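Should a chain be cited, it is by its letter among A, B, C, D and E, assigned in written order, with residues numbered from 1 in that chain.
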Amino acid sequence: MVKFFKKTAKNLGLPPGTISESTQTTPPAVISLMDYDSKDLQEKEIKNIAGSFPFKDSPKVTWINIEGIDPKAIQKIDEHFGIHPLVSEDIVNGGQRPKLEDFGDYIFIALKMISFNEESNEIIDEQVSLILGSNFVISIQKNSGALFEPIRQRIRENKGRVRTMGADYLAYVLLDTIVDNYYLVIEKRGEEIEGLEEDVILNPCSGIGQELHHLKRDMIYLRRQIWPLREVISGMQRNESKLIKKQTTVYLRDVYDHTIQVIDTIESFRDIISGIHDSYLSGISNKMNEVMKVLTIFAAIFIPLTFMAGIYGMNFEFMPELKWRYGYFIALGLMGAVGVGMLAYFRKKKWI
Amino acid sequence: MVKFFKKTAKNLGLPPGTISESTQTTPPAVISLMDYDSKDLQEKEIKNIAGSFPFKDSPKVTWINIEGIDPKAIQKIDEHFGIHPLVSEDIVNGGQRPKLEDFGDYIFIALKMISFNEESNEIIDEQVSLILGSNFVISIQKNSGALFEPIRQRIRENKGRVRTMGADYLAYVLLDTIVDNYYLVIEKRGEEIEGLEEDVILNPCSGIGQELHHLKRDMIYLRRQIWPLREVISGMQRNESKLIKKQTTVYLRDVYDHTIQVIDTIESFRDIISGIHDSYLSGISNKMNEVMKVLTIFAAIFIPLTFMAGIYGMNFEFMPELKWRYGYFIALGLMGAVGVGMLAYFRKKKWI
Amino acid sequence: MVKFFKKTAKNLGLPPGTISESTQTTPPAVISLMDYDSKDLQEKEIKNIAGSFPFKDSPKVTWINIEGIDPKAIQKIDEHFGIHPLVSEDIVNGGQRPKLEDFGDYIFIALKMISFNEESNEIIDEQVSLILGSNFVISIQKNSGALFEPIRQRIRENKGRVRTMGADYLAYVLLDTIVDNYYLVIEKRGEEIEGLEEDVILNPCSGIGQELHHLKRDMIYLRRQIWPLREVISGMQRNESKLIKKQTTVYLRDVYDHTIQVIDTIESFRDIISGIHDSYLSGISNKMNEVMKVLTIFAAIFIPLTFMAGIYGMNFEFMPELKWRYGYFIALGLMGAVGVGMLAYFRKKKWI
Amino acid sequence: MVKFFKKTAKNLGLPPGTISESTQTTPPAVISLMDYDSKDLQEKEIKNIAGSFPFKDSPKVTWINIEGIDPKAIQKIDEHFGIHPLVSEDIVNGGQRPKLEDFGDYIFIALKMISFNEESNEIIDEQVSLILGSNFVISIQKNSGALFEPIRQRIRENKGRVRTMGADYLAYVLLDTIVDNYYLVIEKRGEEIEGLEEDVILNPCSGIGQELHHLKRDMIYLRRQIWPLREVISGMQRNESKLIKKQTTVYLRDVYDHTIQVIDTIESFRDIISGIHDSYLSGISNKMNEVMKVLTIFAAIFIPLTFMAGIYGMNFEFMPELKWRYGYFIALGLMGAVGVGMLAYFRKKKWI
Amino acid sequence: MVKFFKKTAKNLGLPPGTISESTQTTPPAVISLMDYDSKDLQEKEIKNIAGSFPFKDSPKVTWINIEGIDPKAIQKIDEHFGIHPLVSEDIVNGGQRPKLEDFGDYIFIALKMISFNEESNEIIDEQVSLILGSNFVISIQKNSGALFEPIRQRIRENKGRVRTMGADYLAYVLLDTIVDNYYLVIEKRGEEIEGLEEDVILNPCSGIGQELHHLKRDMIYLRRQIWPLREVISGMQRNESKLIKKQTTVYLRDVYDHTIQVIDTIESFRDIISGIHDSYLSGISNKMNEVMKVLTIFAAIFIPLTFMAGIYGMNFEFMPELKWRYGYFIALGLMGAVGVGMLAYFRKKKWI
């Protein structure tokens, strides 16, 4: 199950901007760098973040992608690119609410990459931090860099507009890729919901309750992670910052629309799940009714009959019927008549 | 059932504005063109979209209606009419949230046409894309062009104001027709809801649960499709764009009112459906109560009687009552008395 | 039951502003006219709407009240008073959401008159259309003109301020009368709700469910009809139109307060009804508990006893107890003891 | 129970501002007057409202407190102090929604005094009307003037700031006293809610449902009466009126905070009550489960045993077991074994 | 359980700003003082608040931390630092809603410190009052000063930025520490919720209801205490006051983000708890279904069998079957067949 609350490496009482180095013994970060304009492209894997510093002032667009949270590397970026210590703290600690912070020279964006673990059927999320400067984009995430591979390919092959536009467009492309990925997760859950809808109508067994709860939980979770992104992107659109050019705004509007659509779908799913829950509850009640009816029909037919049999099982010395020639058959007949009468009564009541 | 989530032909990792040509092997689009002013009217079916280009700069109002999503045709329109590639992508991919995008020279409107499949009793939706330029309207949808036939008729017969006014008024007429069509779907569902209301009060059988769920789902769906239209139309009304003339605003206010009314009705229906669900639940509970009462009455009357019969069925050697002359009849009398007593008790409790 | 959705005489595909004449074979409208200032009063019934035209430019306030929707008459008013065709369409079609439209020279107000059919215990609504010009008010409704009689009386007898003030004050008086009438309907339903509250606590029988549903429905309905009126009146108050004088604003604030109070009451009623529903559901469950307890007590006492009697009804040849002198009485005593024990147990459990 | 809807003395069709004199045969109002500044204080009971008129233009602060709604007296105040007739109507009719109306020369405030009838455990409300002029405050209520006694005492003893500040501060003091009184009512209900919380967990008997409903109703009621006060006081704070001095604003902010806190508490109580209701419902269901289990255990143990006894009670001529020497004891043993087996089964299922 | 409503020491009828001295016989407050700039640090415990007055005008930052609510000391601060009496009242009375009040020369902030009593598993809250002047911060709380110890340590060791920045930064650090502490409480409750989620799915026993109610209550409580903090901090950020420097705003944005995150988590927890409640309810219903099925299966199998045994236990003289050689075994066979048939029936119905 997705954890709603990460065990915070929250360093109570430490000064803000402090990065707790000791606790994080992560493998060294993998840093890949692309420096391009419409004509040239330089791409390299660098081991030490310092290798990227010469590109800072290159007139081309520089994309530094860091995979793995290495506090030291981030601190160096801080110093060299003039990033505020609170930003570094947010990057290292992770678990941020999606947000946009405009520091004038650069914009810091934190958001969630959400993917799907096919095996455990669980949602996985990971913070992606973006720093957008005038001619560079730094993207930092913990694990899954594979998502950005198609973008790298597009840059290499000079497909689409990306090589001809600035760093802000690159930031847009990264955002767009992340948001597009939400669709996959949502679609997956959508299929499960549709399966559940059919189940609940045909056979509301008790296992559905558990599955419903998980889906509900996932929707609460996704909503919480994606909802604030709306503000982030509309914040970028409205931004008067010189970092985001007017012609990129159209594209941001497009990601914005996609985000809204994802949110809309999540809201619809919540409504549908709540509808399924209602159907589930009434399904259980209906089933109980069914069970009760069976019990009542059996009891109401046989209890009177047993009573009649009990009467003629009494040992009174003087019971005239017992001596009748056809007493037994008359009794059987009577019982049959009572039984048929009860059946008729229940059929009239539409229980059978 | 309406799908909430179209299997997206979402091309993850492709540059924005890319139209995936290969997957769509649609039949060629049917293109009909009307070019009119208050005096003249020219109408023709054209096979190739290029046939419409000469009309682009005609001073008359040109309405190009395209039935069928042909990526190539749309790409050509793009180039010739100067439409942004993201717009083409939205048109081809479909599944957009209703939206309005003002690009200065033209306005792009995406909305849903919602109709009703009488046979399967299902709601069908389809994206209609409108591009409103200074003197042309391009309308694109996948299938159902029949809806616009009455408008064509009005233009041909010069009925109403349409021939005397501009392209913005034509766009309004298209919007109005689409919104009016919502009423039909809503009315249909409204009748079902009323039927269900009567059912649930008279006989809350278990089939109702399923129907209720479908109605609830449809309302969630309609709400999601129509709600954003409010913003779209009010956006047009407020628009400072030179493309929408002041005198058309009155008409837009009218469509806006209709949209609000449709939304209002959907909201009311949601409330009523939720009320029906409550009645349904309490109906089930009441029925269960009924069943339980029958069971309890039978059990409470006959179980004690059977016990009494059981007593006199015991084989003790010394049981004085067995030898009494009228023992049997006294026993029967006693049993009768107990039975009548129980009945009286239940009648006092108002169970019978 | 109130219909939420009038079978619309919606003329799909017809140009806007079209009034469908043929379908409406209404009796001719009754037109009454009052022309007054603080000194003079002229009152007359006119047969043809044309009779009112001379008063259009009279410096006095002219009130034209039309009872009955006669499309032709309304079309003539259109032409003579310069009313927009969309307004006429709204008047004739009815079923409008309460709204205010300012056309500069005149203001169009559509709202609902809501009254109460004592016989069928049903809410009746009817659209009232008001057109407020600089020195005239045209009021149009289908049936119930009786509501305005007291106003006519006040004008005739020159009671209150009405004769000394302008057309805007007359419009206010009409609004005020309509809103005051809402109170009657609300009060009626309020009494029913209070009755239901007592019922549900004393005896939650199944008939309550149906009544609850009707009340809930009525509240949804009233809310939908009255809620938009808030905007209408606050729109009039804020209005910069020269048609509404500053001194009338105080009075509009008063109607506004009344409207808010009606809406508040409806919201409270909705909350209370939902509370009653909750009590009803728990009442049913409590009742079921009661029934179950009776059943369980009977079963738990007599089933073991019957078993004991069954044992001594067995026909084994060697059953020593059967031969005992007091076997029978010992058995009876044992049974009595078990029965009393069970009763004590249930009393301890507080079931009895 | 608090009535949500006062039987309105609404005079349908009467001109606005009309005070229906005949229906109100109230005892004459008790009028007390205080005229003070930081040095002098004049206090007197006056019989006729006219006695207060000379103080109207005194430079000192004049507080006229009227206990009892005497339409004639109010009409005289109207004329002498230049109050709008609609205000008098609001004062006499009562039942207003809390509101603030700024007439330039004076501000009219209507709000609810809410107190508690210890005997009937019911909430009582009463309208208090305040008219704040430049140097006078008129306060009008129907009965309970005792609430203001401590204020009078403070003025007499020149405690706190009241004597040194203006009429606006006096109005604040009156408001503050009324709002403080809300706390008492809320506290009372809060205690009941806490009692109920414990009850519902320990023993969800059916009486709780009724109490819950009453509490829910009271909260709906209080919310409706107090919620609009928020706007009233924030309206006073924001007021650009010359009647409210800047230095009083700090104090108004304080009452505002108190009002918000009362509203917050009411909202929390609503949430808690709804939580209690949920617990109550699940408590009932749990209890039913308990009852069902007892029934099922008894039935499942004894019904098979009775069947076994029934078998050996059959009268077949050839039943070998009946002739066995220990047949009876074997049968008893078997029955015991079955009984113990069933008990073990239910224990495994954790029903016992 | 957390009390929602403190028994207010509300002094009805007393002038505002009155501090009720007599009721509070608190131990004398512990006052610690720090006076620092980037170079020097003076720290001392002072017994009398007067000891802090000389530092008021020191150019360094002065932090006066008062532990214990001593009305006299607070009154002295009032006089010396020129604090408004209403502020002192708020400090002494406690129980304030989190709020920010800007008095120009100083800003008053009231908020809640929330901690966790491990023993009783209960949430404890306490008001912290902050007064931020141009170069001093006064912090007042009743008990727990230990929370601020790490900050003192940071100042002593000159760690982080605190020594180099002004009084506004110190206020931020205090706020940050308090908000960080919320995380601990939330995390604790989060773990309980996760535990409950597992319980409710595996075994919805009745104890869960109580725990759920407590969690729900805690969430209502936390929400109420923390929600208004949002406005407080965003109020500080937006503040045009000269007391808060621009460079501190970045840090305030950080606390703001944390507050939002806490609120988000509380909202998610509310949603999840409500989901758990739903699962709990359906779990109870499922369990009841289970119980009912067991009962019905037993009853439906054995009641007919007992009836059959009853028939052959009748004492009619002429019952041919009784004389058959294999009558008994045929009867047993029949009974077995019926029993097996019933079992097959229930298996087909998937009850077994």
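Keep this in mind: a contact is a pair of C-beta atoms (placed from the backbone, for glycine too) under 8 Å apart; a residue touches a chain by one contact, two chains touch by 3 or more.
Here the structure is a predicted model, which is why all the values come from computation and not from measurement.
Q: Which neighbours do chain A and chain C have in common?
A: B
Q: When the CA atoms of chain D are placed over those of chain E, what is the turn angle between 0 and 180 degrees, to the nearest 5?
A: For the C-alpha superposition of chain D onto chain E, the angle is 70 degrees.
Q: Between chain A and chain E, what is the separation of their C-alpha centroids in Å?
A: Computed from C-alpha means, the inter-chain centre distance equals 26 Å.
Q: Roughly how many whole angstrom separate the Cα centroids of chain A and chain D?
A: 42
Q: Can you list every residue of chain E that touches 2 or more other chains, as numbers and ranges?
A: Expected reply: 281, 285, 288, 292, 295, 299, 303, 306, 310, 313-315, 319.
Q: Considering only the defined contacts, which chain B positions touch chain A in the complex?
A: 1, 4-5, 7-8, 10, 12-18, 84, 86, 96-97, 99, 101, 103, 206, 209-210, 212-213, 216-217, 220-221, 224, 277, 280-281, 284-285, 287-288, 291-292, 294-295, 298-299, 302-303, 305-306, 309-310, 312-315, 319, 321-328, 331-332, 335
Q: Tell me, which parts of chain C touch chain D in their complex?
A: Where chain C meets chain D, its residues are 149-151, 153-154, 159-162, 173, 176-177, 180-181, 183-184, 186-187, 190, 194, 197, 201, 250-251, 253-254, 257, 260-261, 264-265, 267-269, 271-272, 275-276, 278-279, 281-283, 285-286, 288-289, 292-293, 295-296, 299-300, 303-304, 306-307, 310-311, 313-319, 351.
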